[in-house]
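These notes are about the structure you will find just below.
Read from first to last, the chains carry the letters A, B, C, D and E; within each, the first residue is number 1.
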Amino acid sequence: MDFSSGLFSFLYQTGDAFAFLVLSACGLAVIFGMMGIINLAHGEFILCGAYVTTSAVQVGLPLPIAIFLGTAVAGLVGMLLERVIIRHLYSRPLDSIVVTWGISMIATQGTLIILGSTMPGTGTPFGSFSVGGYGYSVYRLVLMLAALATLAVLWLVFTRTRFGILARATIQVPHIAEALGVNTSLIYSLTFGLGAALAGLCGGLYAPTMTLVPTMGSAFVVEAFVTVVVGGADIFLGTAPAAAILAVVKAGLTSWQGQLAGQIGLLVAVIVVIRILPRGLTGFILRERA
Amino acid sequence: MAILRTEKLDKWFGGLHVTDEVDFTVETGEVHCLIGPNGAGKSTFFKLVLGEHAPSGGAILYDGENITRAKPFERIRRGISVKFQVPGIFQALKVRQNLQIALQHHLQGATLNEEIDRLLEFLKLKDAQDQLAGSLSHGQKQWLEIGMAIALKPKLLLLDEPTAGMTPDETFATGEMVQALNAQGVSVLAVEHDMAFVRQIAQKVTVLHFGKVFAQGTIDEIVADERVAAIYLGEVHA
Amino acid sequence: MQIRASGVLATLGTLFALSAAAFAQDGEPIKMGVLEDQSGDFAVATIGKVHGIELAAEEINANGGIAGRPLELVTYDTQSDNRRYQEFMRRVLQRDKVDVVFAGFSSASREAYRPIVDQFDGLAFYNNQYEGGVCDANMIVTGAVPEQQFSTLIPYMMEKYGKNVYTIAADYNFGQISAEWVRDIVKENGGTMAGEEFIPLGVSQFSQTIQNIQNAKPDFLVTLLVGTAQASYYEQAASANVGLPMASSVNVGQGYEHKRFQPPSLADMYVTTNWIEEVDNPASKEFVEKWHEKFPDEPYINQEAENSYIAVYLYKQMVERAGSTDHDAIRKVIAEGDVCMDAPEGHVCIDPKSQHMSHTIYLAKVGEDHSITFPKVWDDIKPYWLGDVGCDLTKDNPEAQYTPSDNPKKSGG
Amino acid sequence: MSSRNSVSSALRLLEGPQTLGKGPGFWAGFAVVLALACAYPLFADGYDVGNNVYFFNWAFMALGLGLIWGYGGALSFGQTAFFGVAGYAYGVLTINLGDAYGLTFFSLVAAVAISALFAAVLGYFLFFGRISGVFLGIVTLSVTLVLERFMSQTAGPEWAIGSARLNGFNGMGGMPSLTIPWPGGDIVLFPDVALYYLTLAILVVVYLALRMLVNSRFGNVLVAIRENPQRAEMLGYDIRRYQLGAFVIGSGLAGLSGVLYTAWGNYITPSSMGMSAAALPVVWVAVGGRSDLTTTLFGTLLVLAGFQYLTIYGSQYALVVMGVLLVVTILAAPSGIFITLGALFSKGLRRRLKRERA
Amino acid sequence: MRKEILLETMGLWAGYGGKPVLQGVDLSVRAGEIVAVIGRNGVGKSTLMKSLIGLLPSDRGSVLFQGEALDAMAAHRRARQGIGYVPQGRDVFPRMSVGENLLVGQSIGGGRSDAAARLDAIYGYFPILKERRDQRAGTLSGGQQQQLAIGRVLMGGPSLILLDEPSEGIQPNIVQDIARIMVDLNRQTGITVVFVEQNLDMIRAMAERCYVMDKGRITAEIGRDALEDRDTVRRYLAV
């Protein structure tokens, strides 16, 4: 392998890992970071996005619209759940863990009962290209771009839109935001919905590349949690850099020693972070700034 | 001999200079009150002494030892004890248990119970001993917390607005408690607004203003000080 | 062969008549515990197993039961959870007092319940393709094992595509042991391993693996991937245009990936299976027809469904020949070495030494459009390995699982 | 004389402000329940006895989590990590040491000690790093998930300790049951009457010992930390040590669960450290009521039996029903079903409920 | 020119955890007035403000704004009626920029107005905010944060501003600036201001009349002229 194709390969692998970590984690991170809730039903929102997307493709919609639908449906389901269940638990974040786990159980098994044990896939679009004799999937590049675009859009949403500003205000000093006319309970609903929609987006984007079964969400959950632990509460200060660091660690170790090493690298990252940065990268960056 | 001394104690919060190189001393055996308008930095100063905030600069000496970097519980074990502004009691536990938790450091068995009874008497909480602390009246909560603070047999007692929300009678009774403790040799540093209370207990008063020591003296000297009156009315340009 | 089989059948018929008479008064049902995953991770491949058992039981009961006794199923959903296997195995053996249990998909679940079966001296059928090596008199295995699937598959592939082989395998017992088999067979046939990679369970992202494979440039690829997450490999490899022929012992036959995935992600995949619904012979066709009559919504009938179906009939035969459901009596019947039947896949027999089953092995080739062809069929492939390394359940019962690196022959020298 | 004193003062700790139930009425009830539990094998069949042992096995992990979460206010979502570590440790030790001379009991103690040591190291990082609240839950969950991943790939022959193969995802088997050395033939404790009484005895001892612990000075401080960590620290307590202490004890109990489970089924698997396994103890404790040992204990047994019952009779719908029950319970009975139900009838509990809501 | 009554409380009781801090507060403020609520520490002034905006539910009594009872309304709905609350200690959003902090205030007063014009106006009153508009609010000095907190409510064009101890911890020259700006605003836009204060300069500079509070009640009402008498004021306020 010559140098330039080796470099491309490393970038491709890192980018691929980065995309996976960012897309799996950012929904979880939004809900955890903004609301302090560990959403154990995260995987099931991913499932929802994937199933809706795939069904939409099967009835003939183009993939981008299908993914949008998957995202939107997951988001709406998230908002609905927030309205009906989650909002009663804001003062009890630990209980919310139990409840979201219950929801996840209902969703997984309900999907199995209603839709059967599996769903036919749609195939990965866009084909392949080759660099230095190696074949690469074009769609993986799309995923990388989607991850970057997601971060960029989230950044715009949180800094440039009215919702984003009100959401950040609500998270920082909730009672003052309320006193300034912000409907904080609506903000919480929307934030939860946004987190669910991001999970749905992840499901929709990965649906063409994966086996579609009711338990597919679990394939994302460990990486999502690890990224959030390493990153801490903030998406931009935490999740994104954490995903970048973990992607380099994972891609490097995987290409050097195989998939297991990559997985163990994630474990070591968690332990190191607990020891050195107990509040994750977010805490570290905020401390440095303060 | 000073029981507590700060040297150029400094604290910034972001862009706010809350405590500005404060040199301050509490002599052993005295009751010293810290007053000042809202936002003068009294509570921050208090938290620095307790170790809840790390100072941006300067040093804290307790009984001649440097405790600037000591953990809060280590300071308590050396003989500092505190009563917070908002009563820091264990609301869901019984009154008796609150005291027991404070006393069980150095007592156990029958002597522990005797000491609890003695404290309950002193705090006028005998009848409420089996109530949940959260169900006490506001004044009683304040007393309970004072009781927990003195249960540690402190050499230096820190009181942050101990009479906030109390009726005048309760305030006066609190003053008597503080005086009784002081008579037993406990040094006291109190942040307080209620000037009647300050007059009742203080041997020395320090006025803090914009994070700096603005004036110091007896209560009469301070009350007579036109500059002090002026800062309370917002008239002095610092 | 032909003569012998018909002789057996004749004997069987006589036996059946006799025992039917013997059991005539005894209308007490024979209870069969069914512990399979109807929910959770493995449900894709295992709901069909329950249906296979139900179909066989219904047929048997419609024809007078086993030796005149009706067959009664006691079914629990084990939820793909090893703990549920432990709970329910105890329940069926102790509470429901079943005569036999059909249980388990994953090897982990089998290992979870096996100590309990041994403790209560129960009899369990494991109707599943697996990594092989269980030498336990309380277990009867009807699924295919590596020596049956790899001793056929790998030489064929090496002959057709070349001797440079790359294996990717799930990083657990099944994958490790199967990979060891592949490695040994490749060496025996004068080939080389271009590479070997083990994938932790639950991993669903394969970009790096795909690159490693391309880097090693093998002639073909052996995929021993397990679980729905790992099955994502095929889609991802196809979209990176890896384009290598693939060989596998697990896919298609269990998870019918060729039906679920969009063509051509599984194109050029060769699988050795002891049966799938595409198998084209009269017995098989009849079986599929019967099945769809009873379960019109079944998405696919896989090999484990057929194994489970066969197992019920084999059990029927054993009980009728033994004249009772007593386990020792049944084992004596097995020891005779002629517990055989004509199954949808072909003729199968239980090997007395290992209590595993011989199989007809079909080489299924997945085409561009995911249609199945069978370039080759091997009849009567025996589960020889356990016997070779010293497992002989007619003599003693070690209640152990052997592996190529850990077995009596190896430790014996 | 003085030893009698200390015994009686220890016994006094059996009831106190941190536990529900006191006085002759409660202890009479306790005696009746215990007597019923002792008499149970006389009436039940072997399956029920063994199944109850199985339920008892989990109760230790729940009680331990109750101590850490209910009393100490720190939610650990990774108790299964200690469960698994102890289970594997028991397997490795007994496979290597054998079951003669009471070595299985030595292995039990050693395995619990190993899990407690692991908890001490992890807990040191957590509590001395001032990790608390929801973040503590995420971190402990990640630890157990990663351990599961790691153990799942130890299938190869290189992953062996002595003669014990870790055996990857399939799980480790073949370890002996607990065995009491006995002249004329060791007594092997299969899941049967003998093991039932042994496990019940350990459960009663642990329950009573925990009652004494939470009503002791240590328990006072622990509850104080849960109620108001700042005040507790300002009473001179190094709260990190107390949280760590509770974490180590609670995790040791999770370890005890792991050992008993492993010895019960002669099997331990990485999936006992996975996501759904990790969520279960939290569910038991939350449903029963985490703020009291007794409710935690009975809640755990109730949920275990209830979920098993649902699985037996609910077929595919079991998991859905379980999920719904969970959500409803948490929403309608935030203090756990026992305290919420009890509050309908008892004034004392009503007060307690009110203050917990506050 | 007696204008209509904008804000009125009738027998308002409120407190924390069963401890009544407000014990029947009666006051009324006409549109266009600047009214101070003065009193020593701990008499319930800040509690009154919180109770008016709805951050603290009232136990008894009633709050009327523009003739409408607010009692059942959540804080954000009261704010949308046109009440701007500037809390004690400012409570700016520390990790957001000055500009973003200002934008949050737009929700006040219901309908969304022309942000750019409002921003211009506010930057006109408080040039320092314009200078620092991209800086994080947590890094501002106390006086700057106070200006930001006021600017923040002005973004919504409120008809009533509740100011809680605007002078607290702020350099006197800035106190004077703020007082002057508030008065200007009042003259130009007719905005009503109710503020809690102990700083005599600020009270004198702004208030048209004062309510004196003690022990959770309004104990006196004094006019501008009385404020000129230092001894009277000192009796109500100082040490």
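Basically, a residue touches a chain if its C-beta (ideal position, glycine included) is under 8 Å from a C-beta of that chain, and two chains touch if they have at least 3 such contacts.
Note that the structure is a prediction, hence the values are computed from the model and not measured.
Student: Quick check on the contact graph: shortest path length from chain A to chain C, in steps?
Tutor: Graph distance in the chain contact network comes out at 1.
Student: By that same contact rule, can you tell me which chains touch chain B and chain C alike?
Tutor: Correct list: D.
Student: Please identify the chain with the largest separation between its CA centroid and the CA centroid of chain D.
Tutor: In terms of C-alpha centroids, the chain at the greatest distance from chain D is E.
Student: Per the centroid of Cα atoms for each chain, what is the distance between chain B and chain D, given in Å?
Tutor: Inter-chain centre distance comes to 43 Å.
Student: Where the CA atoms of chain D average out and where those of chain E average out, how many Å apart are those spots?
Tutor: Using C-alpha averages as centres, the distance is 54 Å.
Student: On a C-alpha centroid basis, what's the spacing between chain A and chain D, in Å?
Tutor: Centres of chain A and chain D (C-alpha means) sit 33 Å apart.
Student: Can you pull out the residues of chain E that are in contact with at least two other chains?
Tutor: Only 17, 94 qualify.
Student: By residue number and range, which residues of chain B touch two or more other chains?
Tutor: Within chain B, the residues that touch at least two other chains are 14, 134.
Student: Among the residues of chain C, pick out those that touch two or more other chains and give their numbers.
Tutor: 39, 171, 198, 200, 202, in rising order.
Student: Would you mind giving me the full set of chain pairs in touch?
Tutor: A-C, A-D, A-E, B-D, B-E, C-D
Student: In the complex formed with chain E, which residues of chain A make contact?
Tutor: Where chain A meets chain E, its residues are 159, 162, 165-166, 168-169, 172-173, 175-184, 286.
Student: State the interface residues of chain E toward chain A in the complex, per the touch definition above.
Tutor: 53-55, 74-76, 79-80, 84-85, 87, 91, 93-96, 100-101, 103-110, 152-153, 156
Student: Considering only the defined contacts, which chain C positions touch chain D in the complex?
Tutor: 38-39, 76-77, 79, 81-84, 86-88, 90-91, 93-95, 106-108, 111-112, 114-116, 119, 171-173, 175-177, 198, 200-202, 400, 403, 405-406
Student: What residues of chain E sit close enough to touch chain B in their complex?
Tutor: Of all residues in chain E, those touching chain B are 17, 19, 21, 40-42, 88-89, 94, 136, 138-142, 144-145, 165, 167-173, 175, 198-202, 230, 233-234, 237-239.
Student: In the complex formed with chain C, which residues of chain A make contact?
Tutor: 1, 9, 12-13, 16-17, 20, 109, 112, 116-124, 126-128, 130, 133-140, 208-216, 218-220, 222, 251, 254-255, 258-260, 262-263
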